[in-house]
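One chain, chain A, links the two complexes that follow: it is found with chain B in the first and with chain C in the second.
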Partner chain A sequence: MKSESICRVRYGCAVGAMHSAVAIPGTIPIADCGPGCADKQYAGLVFYNGFQGSGYGGGASLPSVNSTEKEVVFGGNERLRELIQASLKVMKADLFVVTTGCISDIVGDDVESVVGEFQARGAPVVYAETGGFKGNNFIGHEAIAKAIVDQHVGDYAGPRDEGLVNVWTELPYQNTFWRGDLQEIKRILEGIGLRVNILFGHGSGGVEEWKTIPRAGFNLVLHSWLGLSIAEHLREKYGQPYLHVPMIPIGSIETGGFLRKVAAYAKTDPERAEAFIREEERDYYRYLEEFSEFYAEYFFGVPSKLAVVSDSAYAAAITNFASNQLGLIPVKIIATEDPPEEHREGIRGLFRGISPDIPEVQFIEDGFVIEEEIRNSPRRPAIIFGTTWERDVAKEIRAGIVEVSFPASYEVVLSRGYVGYRGALSLIEKIFTATISASA
Partner chain B sequence: MGKKIKQIAIYGKGGIGKSTTTSNLSAALGEAGYRVMQFGCDPKSDSTNTLRGGTYIPTVLDTLREKTKVDAHEVVHEGFAGVYCVEAGGPAPGVGCAGRGIITAVQLFRQQRVFEELDLDIILYDVLGDVVCGGFAVPVREGIAQHVFTVSSSDFMSIYASNNLFKGISGYSKSGGALLGGVIANSINQDYSRRVVDDFVARTKTRVVEYVPRSVTVTQSELQGKTVIEAAPDSAQADVYRSLAKKIAAHEESAVPSPMDVTELREWAGEWGRRLLEIERRAGSGNAIGV
Partner chain C sequence: MARINLDNSAAESREQRLGTIVYWDGTASELSELSGYSKKRCGDGRGCPLKERKGPFTQPSVCSEQMVECQAGNVREAVLIQHAPIGCSASQIIYNMIFRIGLESRGHKVENIKIASTNLTESDMVFGGLEKLRLTIEDVWEHYRPKAIFVGTSCATGIIGDDVDSVAEEYSGKLGIPVVPLSCEGFRSKHWSTGFDQSQHGILKHIVKKNPEKRQEDLVNVINLWGSDVFAPMLKNLNLRVNYVVDMATVDELAQMSEAAATVAFCNTLGTYLSEGLEQHFGVPQVRAPQPYGIRGTDEWLRELARVTHREELAEEFIAREHARIGPELERLRERLSGLQGLIATGSAYAHGLIEVLRELGIAVNGSIVFHHDPVYDSGDPRQDTLAHLVDNYGDVGDFVVSIRQPFQFLISLQNHNPDFILIRHNGLAPLASRLGIPAAPLGDEHLAIGYDGPVNLGNLILEILERGKFCKDLSRHVTHQYTDWWASQTDPGVLAKNPGLIWED
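Moving on to the complex of A and B:
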């Protein structure tokens, strides 16, 4: 459903993807936009979303052109040149990523040639056009990744390392739990014998790791759609194949299946994969066994119907886990990130594949409409996997709430993740803590 | 204070004679005793040249580029017949946003209330070419000009630009913007060109304010860096501009035009194309009319 205006939107604008640069260790974005843009994106995506912290090069330390009317009328090239020069002088980074905002993109600043001057001198600077009118931070993220590949990683014609994989998955910072999730994804892929370029977050080797992208045997796109255009780009540029797994795995069944799929594609030692899966399942089910007492005893307080309000990838992962492993019944599924039209049918198929009797996914961006959908749902959810913005309607219909998506302003998140084996256990803890504490 | 300043915007296709017409109009109004300002809204910043002996003056934006705060008086320069000359200026070609530049320059003057302070009777905005973006439509918006005139020849591209301007005016008229005073028909020496323009104004429900013939006096004057009013005050051409000035000074009632849509305009132009061919064919077989 489309409305004329959107309230309580669940993403940032393209320039908000400057945080994808922040997410690469040792990288600092240079915001080529108005003074409010960088701060607003930071406050929304980083602070009031799990209070993730600005890291090495984000938040208050992020250099910004802070465009004024002068830059609009006369163009901002001079000011940007000055800022890059100053940033190179006073800030230590392996890579600077200039992310342009609406002003620069509309006025038509020649950012390419300004950045080109520095590149010609060997300075580690790239730029991406991320004016907000181009789309949201998902779109901006893909632009930034391609910019780094094209302008910094460069051409490669050497040998390929079949055991090395580049992983393109959740959107850093937008997904409140990306840090923990990416660590877990890296851990389990390493578990089956792969070497992993996780590319973002604390498990990434930063810019040096990015430079090994062309050497990897393949790209793994672990998302309903985000990263597909990057993988396509890498296929064209380096002839690198990619594997698309649209369902981010949560819990033992999905994770085991995922690992087997990747192992078969990468042709790693199947025995090693099976051994790893066995070991992980052993731990996982020990915990579940202990949890089963609670589950059996508290059957009267355990919710059965659920609603999910999140971006399509996380919404699918959670719906899948909740319905196929926890036995909950999805009654409302809303994907909020405005995925590109060409991916929507695929996303619908992803949800249909979870179970034949779950509702169709709805693509809704507007907070008001989402609230109405939940409020008027003929089958009332007892628990909502959503954002801080679903708290009001949750209260109204007396449903429990688990904040799993941007903005999660009543969650402090450090390393917690919800994917894979370990993440699933955390998610179970979170769901049933929310449930049991509701009556406190 | 308290008197209403008559603010007029003059538009038209590039090279059609806007600045020439506007400067001569300013000069004629100045000569007639009005307190006039000519505000050039073109990044080329040559609107007022012939009012100042062919010289360029520092522009609002050049001055703004140097410092953050500008006293508007610094960029007002007196020209022939006491006409106050201002050039908005703009960024270097190919960079920045010239449209925003025009907005900035006009706002600076309004904020500092310079128009009132100079006790002006008439302000003429000479605006670049076509209404290509919001910035160049600024003089048409609410609270700036009350009347718009377009300079047009019988040339199709010039008529096309005028028609586009009419679209802009119709749009802004709903929110209190300026209305159309009429068309200043320029370079009208042939009977057919007069008929083309007459037909265009009839179709778009406006009128011709003045027919200005193409004249070598204009070229001669401009080569001296002067308006016709200054360089050839006794010429017939000077009187044409004086007549125009008189009409503009007395002009009160403007209206919303009815621009043609694209297909209509094309058909209209096609029809005129056929008629002109016919005229030429007849002229070729009979007496040459020297088209």
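Moving on to the complex of A and C:
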């Protein structure tokens, strides 16, 4: 048997995806969990990760069973029923999402029946099995999305709206910058003439928007792998096609290509897409032109060699931008989210496609091994795009650090995002401010 | 007074040992009376059983395992293993920040926290996780060569019944270091402070030197968390040195606790088990006195510490000097603060201390939320009855709510009192206050309000925080609340506990 121990954790567990429910406006999860589960996931994924804030339905506010010995020994059905009923009485939500934890899943509570009683009464409640031992919050996210579709959105046989797209992209909260990123993705897709179900975050219309999922012309999976199983599920359920774009676009080169690809797939007016791209590039390149003065002649030096330690999707997006638009040199690439085995070859291909001379992506979850990999890298990175966990090794090898991934405990993030046109400019600001700040 | 039994592999939970409750509401004097601590109504050193008022609606609490992370996980030169599915490790993130900031504030080298998860998955739930535990112990030994390894359990391993004690014993022998099992399944106790007790039990049983060859007559164990170094400068006036435990201590500093002349704690909630264990098993006296909050409490606390360590004269000189120094400053602060109303929402004994400080500053405290209530502490000594000390010396608190960090109840308390500010320590409640237009002073540095400088520090912090009312008031005009109109119109935060049938009414 091989050790699978993990220190310096870089994801939550399946129940941590209760924050995907929190990310849908007007939705409140109900934690069918022990007393500490919701607090742990919140403190890690939401608070000490960019201090994002849980807003309406999360944090310490969501209902939680707080299982005791009684629920372990005698089962928790009774208590869950009571808590759901109390939640309907005390809290206002368009939808409650019951997420089960280890205790409920091991003991074998019949959550389906309990939730079914409320559904039969027409109460807006769904459930997903998200026991922590079943996988991480990426897996939990897909389970919750499917649960809402199956149990709340329901069947649909009406007409399809070809100009409407459902977007499945970054994992809310896990990705520290998801709020800004999703807003930008929505903005640029609207720019080429689509209407967008962004589904999570401030740009989402909440549960009402989710109810229009089956009407959309197609699903866009904008991630190295997350969301593919949701799109497959929607294809089976509604006969809805999907487009998989594994590279999240950062910067004008990738974003322009992305928009043209989507426009072609969705058969939107190509002229409109080109006009939008032109307009965006005009602004973008004026900023880049001005930045180029710093980039060309800041004679105290700016770093070139970089290491990236992040979820595969963000690692690819950043590596791609850094390598192909900024001309930086990736020397170490580590993907940390434990992507399912069947997607790993695809992810390797995604990185190989960035440039022939970048290193092969490594899949590592344990913080000790990651640190060793960085420390012993034959080509030493001058800047690390990583997490709070990399601060120590960055100091040790005198590299700069830009926290782009969970946990980013030294970042306060509101609307800042790093994708698309506007995000790329923010990322440039962040990279080089970090570099200069670390100097004398 | 209950015997702390170090033959057992784990501490008894708070509710079994002390009769702890997490839901109640009434007046502070009533709770003090019912607890019967000072009055010894229910036998020597035993509190009286209290009736808990738990309702059907509950919001997330915090578990014992988290407190093990923030105690055993914060010991330098040691490693904590979480024998658990990966989700329990999400809190590594918060305790890492706490650890890093604590190291910085104490002048130690800043580094990441050392906690490893055995990362249990579905098949381990079926076949058991002990092999993964063995491999993880070998990993951390290989990677860090720690001076001690703690192994905390989880809800999952508690239910599947992994025999962690045996594996810990096996590796204690193999590695020649203490491998300390800590039983901290979240579901086993309704209050997280049981996790303090479990960590301290493991330290008492496996790490503290059994037969110290010497006594350090000038060494005082100070049980605290990661607060700034306030005790050392204070105790220096009594020619005493400080041994801060448990957070940020080295394994050797934990081991030498049995050599100390006395033990004190910044808060009885945290320190009750360890202080008593050190006294019962190692003859280190605990300072049986009020906590060092406010001028009165600090005086009494110092005098008792001086008596135990035979430094009465030094103490009296110090007390006189400090009164002269702090008096005028306090007077100035009182002028600016009197007439304000504050509301406290923190852990139990800590809240008792903070209310005393606020009242010394002339601030009204009509309501308070504590996250639990221990009817008695482990010593059973009435001089440590912090609630009675508050009520007897500073008067009653008319609206005293025991509520395990429940924002829905806090909403009602905030509406009832509409305070000028709140004091908090744990996460979870201040966000709600902000949305209602009320600023919060978070006491991340738990030592801020301690000793003679405490009231001054706290008073100045409050003056700063009051300004943030501008931010909160503006915000409050632009937020939607997540509670139903029915709930928001309640005036009794405990109404659902008293009448649970309400949830079924339309």
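Annotations
Everything below uses one rule, namely that the second predicted complex is superposed on the first by the 433 of 440 C-alpha atoms of A that agree within 3 Å, B and C clash if a C-alpha of one lies under 4 Å from a C-alpha of the other, contacts with A are read in each partner's own complex, and residues count from 1 in each chain.
Note that in this section a contact is a pair of C-beta atoms (placed from the backbone, for glycine too) under 8 Å apart; a residue touches a chain by one contact, two chains touch by 3 or more.
As the structure is a computational prediction, the values presented were derived from the model and not from experiment.
Applying the stated clash criterion after superposition on chain A shows that chain B and chain C can sit side by side.
When the two complexes are overlaid on their common chain A, residue A:69 makes contact with chain B and with chain C alike.
In the superposition on chain A, A:107 contacts both chain B and chain C. Of the two partner chains placed around the shared chain by superposition, neither chain B nor chain C is touched by A:312. By the touch criterion defined above, A:204 lies against neither chain B nor chain C after alignment on the C-alpha atoms of chain A.
Taking chain A as the reference chain, the count of touched residues is higher for C when chain B and chain C are set side by side.
Of the two partner chains, neither chain B nor chain C is touched by A:255.
Once the two complexes are overlaid on the shared chain, A:77 sits against chain B while remaining clear of chain C.
For the combined arrangement built by superposing the two complexes, chain A sits at the apex of an angle of 60 degrees to chain B and chain C, based on C-alpha centres and given in steps of 10. Of the two partner chains, neither chain B nor chain C is touched by A:27.
Remark: least CA distance from chain B to chain C after fitting both complexes onto chain A is 5 Å.
Where the contact sets of chain A with chain B and with chain C meet, they give residues 69, 71-72, 106-107. Looking at the complex, you find that chain C touches chain A at residues 55-66, 81, 84-94, 96-97, 110-112, 114-122, 124-125, 131-132, 135-136, 138-140, 143, 154-156, 158-160, 186-188, 190, 192, 405, 407-408, 427-429, 431-432, 480-484, 486-487, 496, 500, 502-504. Listed in rising order, the residues of chain A touching chain C in the complex are 1-9, 11-16, 28, 31, 33-45, 47-49, 53-54, 56-57, 59-69, 71-72, 82-83, 85-93, 101-103, 106-107, 131-136, 367-368, 388-389, 391-392, 407, 409.
The touching residues of chain A, when paired with chain B in their complex, are 69-75, 77, 106-110.
Note for the complex: chain B touches chain A at residues 61, 64-65, 68, 90-92, 95-98, 100-101, 104.
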